[in-house]
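Shared chain: chain A. Partners: chain B in the first complex, chain C in the second.
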Partner chain A sequence: MPEDTLLEVSGLGVDIPTHGGYVHAVRGIDFTLRPGTTMALVGESGCGKSVSVQAMVGLLATPGLRLSGSVLFQQRDLLQLEQGQLNRIRGARIGMVFQDPLSAFNPTRTIGSQIAETLRIHKGMSKADGLVEARRLLDECRLSEPTKRVAQYPFELSGGMLQRAMIAMALACGPELLIADEPTTALDVTTQDQILWLLQQLQQTRGMAILLITHDLAVVARMADEVAVMYAGQLVEKAGVERLFAAPAHPYTRALLRATPHGEMITDQPLETIPGSPPDLFAPPQGCGFYPRCSEAMRICRQRMPEILPAGDAAVSRCWLQHPDYLAARGAGND
Partner chain B sequence: MTEPLLRIEGVSCYFPIGGGQVLRAVDDVSLDLHEGEIVGLVGESGSGKSTLGKLLIGLNHKSGGTVRLDGRALPRHYRSRDFRAQSAIMQMIFQEVYSALSPRMTASEIVMEGLRLADNGRYSPEALQAQARSWLERVGLSAAHMNRYPHEFSGGQRQRLGIARALALQPKLLICDEPVSALDVSVQSQIVNLLENIRREMGIGILFIAHDLSMVRYISDRIAVMYLGRLVEVGPARQVFENPAHPYTQALLASNPVPDPVLERQRQHQPIQGEVLAPIGPATGCRFAPRCPHADSLCLGQQPEQRPHRQGDWLVACHRV
Partner chain C sequence: MQTFLAKTRQAGPLARYIGGRLLSGLFTIWFIATATFFVMHWVPGDPLSDEKAVSAEIRQNLEARYGLDKPLPQQYWIYITSMLKGDFGISYTQKNRSVNDIIAEHFPVSAMLGALAIVFATLGGIVWGAIAARFRNRWPDAVIMFAVILTVSVPSFVFAALSQHLIIKLNQATGVSVLPVAGWGGLRHMLVPALVLGLGTMAYLTRLMRASTLEVGSADYIKTARSKGLSSLQVFLHHELRNAVLPLITVLGPAIAAITTGGFVVELIFTIPGLGRYFVTAVQQLDYTVIMGTTVFYGAFLVLMVLLVDIVYGLVDPRIRLQGRADA
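Up next is the complex of A and B:
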């Protein structure tokens, strides 16, 4: 693994057992994350973005769960680690922030004692020192009146304040990687703005990498250096953020962008829609998962799964439209 | 000038919260909505936008003010006959549409129920079925969906079903409370296009309550911005979005990320500070003053009235505009 790679995910697959058989929720995704940068994992509900991240850090515990591939974090494969080894990494080297902070905190204990517990477990800090450090962390996350908050219970804080407290807890041990799963989805737009700004500031001062899971393309545009677009359990496109928005290569990415209302949009035109729905992941199609909804589909798309192909500017797209033979034929056709 | 379809004048909705205190969820709000017009009502959680929507349909009681719909004053407290009379003129669709649909009724029963009650048996069962089918088809569902139950539909299809039920009585006003917030982007655009078509073809007025500013900008003719129970700015959507006059509207629009990384990189703003407080008790000054970067002693001491800004139909409640 090269020096400047913090996280390298290769061929990650997740099959989840249910009463109706296995759901092939994640079907082989690959990406790398460099230290201090932000990668956004974007897609609609059910595309597998949250499940992949939960699988990476061992948060999926369903009996009979099938995981494949590897997740190298600082040269160690998280999927092969013992529970105890994983516990020393999670919460210490990898911090996590979730959509619903209220359910991530223990409702019966104060904010301060929960942050202090993290510090005690991972750093061996005494409770008294932990509470002092908790106050400092809350202040760093710009939570108003941090001294008072340390002694408060989760239900006493608003959604925005709790999200700051959760970020403070995730950062307690100085992680190299922060995983943020829809961190602002439940928040109002002005509060979202505050939290996104805070994450950017913290990333600058602490130099940590952020893996951001979101469905909101505007949040992606604000936060990400690189973007991975997921559809039906696969990565369909991966590119630098400016390239992705300026020249999306995969038809799904293009459709998603056109369906998102934009400031300069002409309001007399109907919004683009994506007809149909994603494929059944109990029995994934043998060809491209987006084929039935794709306006540019060809015969091969139904029969054979497209490979991940280079799409210029270090971007890749899982689409036959990027195949060299197709591009050559199209180029010849245009002459 | 003819009277607008909906005229809200000085409407308030207060809730006692114990200890003799009163939460002013909606406080002296006035707003007109014309036939065939889409007015976007935006604001953050706790701004009172949903309370106002529910008040119109009779699910909350007004504490003061008047509402006139289609030339008639709405009662302060709805009785069952009022609900029946209003339902032919005004319908509502909800964010949590699944909880607004009876799990024991099929799609066609859900759509027919209103017609059945409104017509006192004038329609034959066959005619009702035909009506239900045509409304389901109108919203993009098909005859094959008629005998399915709500749990057999996807989120987007359920919202279509909710819209079909609302349209079946051919109302003049549709109140949409966060109709697309729970849906995926690709489905949101389908529902918004459907509402836009309905407005154009049926001439229905729509009050579109939402917190997603981009979607509101896209669909609305006029926009009303609410903060802590009061309307701070009302005006033509395009002008308000391009040149917001009230500091709160400015802060709200500035905080909204746009799907364009180049614009986002150029962003040079400090997020607005502070939290939304609860509007408890009478306001001594502007409700936004504690968070407003421009607030002075006048703002803290005196509540600003709505005044015309630039043009007649653009109203702003701010001392500094």
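Up next is the complex of A and C:
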């Protein structure tokens, strides 16, 4: 594992037991995250992005859950750690921010006491010191009137204010990694902009890495250094953010980009959609999960999922279109 | 200073709220008194009729003494006005004992028993419910939920008699009097009757606690708490338990009602000199003043208890406590 790698996920698989059998929610994903950089995990609802990160830090608690692969964080495999060791990492080295800030805070405890709790368990701070530090953190996250906010309850704050408080809580112990699971999805666009700006500022001053889960490509374009696109529990494309938007290699990524509204669109032009729906993950297909919806599908796509293939500029894609044999054949045909 | 200001600001709406509730409580008590009065007089017979036949003259004298010769509306008026002065009258069957005396002497006994029963029921409900929830769908949960259904379905006099039987067996086996079988003395006499009295409520609270613990357990903020690195015990104690207990407080008012009014069976079996026994015999003997007195007294007591429980709920749940502040 190279020195400049903070997080290395290899072959992560998550099978979730249900009444109807196991859902193969995540089927072997690999990526690495360097310190101080931002990786966006993108995909539509149910593609397994949220489940993957929750599995990485041991937040999935379903009895009978099956995890495979490894998640190396600072040279330690999080999946192999005992609960006590994991608890010393969660909240201290890895902070988390969730989608809906109102339900993510305990409604019957003050903002200050909830932030101070993190400081108490990891840094052994007294309650009074914790509250002072909580106030400072809220100020750092540019929440107005931090002294007043410390003593307030979650229902007394707006969604945007709460998300700032949530970020303050996640960063309380100075983590090297911030996992943000759809941090702006529940907020209106103006607030969304402010929160993203705050995250960028904090990353500059604190230098932590961000693992950002989102389905919003506009957020990706603004925040990410690297992007991993997930589909049906697998990573289908991984690339630097500029490369991904300029030359998407996987047909799913291309379809996603076409389905995203952007500035130059003519208003009466209908927005493109991706026909069909993702495959049933109770019995995942043998071949490519995107095959039935893909406009460029070939016979082999149905039979086998390709390995991870280089797609130029350090990007990779899991698509037969990038296979050397296909490229060679197409090249020959063109001659 | 800041908290003091906040307190004075919220004192206004709170005082108004309590005032309003007391006023509607008074109306409730008046309604209870009126309904009881007329229903009671509707029942065939009267307090004097079960004695052996008396001459018409004596009967007239007795009726005059108790005011039963007056027309019903007038009796009602006399009753309500003297009740407002705090006078519930003289018992018909217990010669020369005022209803006020009976309540003053016997209610503290019922209240002590009821209070202990509430303590047992609440603690038991929280503990068993939390255990059942933590072991959901495993054997401790199954055992507890079976016991709950059993307790709810079997009437309390069965448990009362059964517990007496067990106490006798225990005393015989040890050769000393571990616990008294019946009677009234100190805490030792209260333990088993209070437990039996609280069983039904305990079972109900157990079910409620189990459901609310499970609901809280799946809340987003529990995931947040875990993501902060709290151990599962810390998450349970600092985040789950408190929020799961909150809904239980709302049913404590009705639970107190159920326990205090349901106490007479237990009091009878354990020969405890509580108010419940007087209540029942008074109904059988149509002892007008005792029926009225105890009913109105219980009514007032319960109205107060429910109000108290609501105030307590407001104090422990910030979402309710601070509503006035948020509007101000």
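The rule is simple: the second predicted complex is superposed on the first by the 330 of 335 C-alpha atoms of A that agree within 3 Å, B and C clash if a C-alpha of one lies under 4 Å from a C-alpha of the other, contacts with A are read in each partner's own complex, and residues count from 1 in each chain.
Note that in this section a contact is a pair of C-beta atoms (placed from the backbone, for glycine too) under 8 Å apart; a residue touches a chain by one contact, two chains touch by 3 or more.
Worth saying up front: this structure is predicted, and the values here are computed from it rather than measured.
S.K.: Answer with clash or fit: chain B and chain C placed together on chain A by superposition.
M.R.: They fit side by side.
S.K.: Considering only the touch criterion stated at the top, classify A:45 as touching first (chain B), second (chain C), both, or neither.
M.R.: first
S.K.: Classify the contacts of A:92 with the two partner chains as first (chain B alone), second (chain C alone), both, or neither.
M.R.: In the superposition, A:92 contacts chain C only.
S.K.: Who does A:270 touch here: chain B (first), chain C (second), both, or neither?
M.R.: first
S.K.: With the two structures laid over each other on chain A, which partner does A:100 touch: chain B (first), chain C (second), both, or neither?
M.R.: Only chain C; A:100 stays clear of chain B.
S.K.: Identify the partner contact of A:156: answer first if only chain B is touched, second if only chain C is, both if each is, neither if none is.
M.R.: A:156 contacts chain C only, not chain B.
S.K.: Could you figure out whether chain B or chain C reaches more residues of chain A?
M.R.: Touching more of chain A: B.
S.K.: In the superposed arrangement, does A:193 touch chain B (first), chain C (second), both or neither?
M.R.: First partner only.
S.K.: In the overlaid three-chain picture, which partner chain does A:259 touch, first (chain B) or second (chain C), both, or neither?
M.R.: Only chain B; A:259 stays clear of chain C.
S.K.: Mind working out whether A:66 is in touch with chain B, chain C, both or neither, as first, second, both or neither?
M.R.: Neither partner.
S.K.: For the overlay built on chain A, what is the smallest gap between any CA atom of chain B and any CA atom of chain C, in Å?
M.R.: Shortest inter-chain C-alpha distance (chain B to chain C): 8 Å.
S.K.: Which residues of chain A touch chain B in the complex?
M.R.: For this pair, the touching residues of chain A are 44-45, 144, 158, 160-161, 188-194, 196-197, 215-222, 224, 241-242, 245-246, 255-257, 259-263, 265, 267, 270-274, 277.
S.K.: Residue numbers of chain A touching chain C in their complex, please.
M.R.: On the chain A side, the touching residues are 57, 59, 61, 83-84, 87-92, 95-96, 98, 100, 103-110, 117-118, 121-122, 153, 155-156, 166, 169.
S.K.: Give every residue of chain C touching chain A within the complex, in rising order.
M.R.: Its residues touching chain A are 219-221, 223-232, 234, 238-239, 242-243, 246, 317-319, 322, 326.
S.K.: In the complex of these two chains, what residues of chain B are touching chain A?
M.R.: Answer in residue numbers: 44-45, 154, 184-186, 188-190, 192-193, 196, 211, 213-215, 217-219, 238, 241, 251-252, 254-264, 267, 270-272, 275-276.
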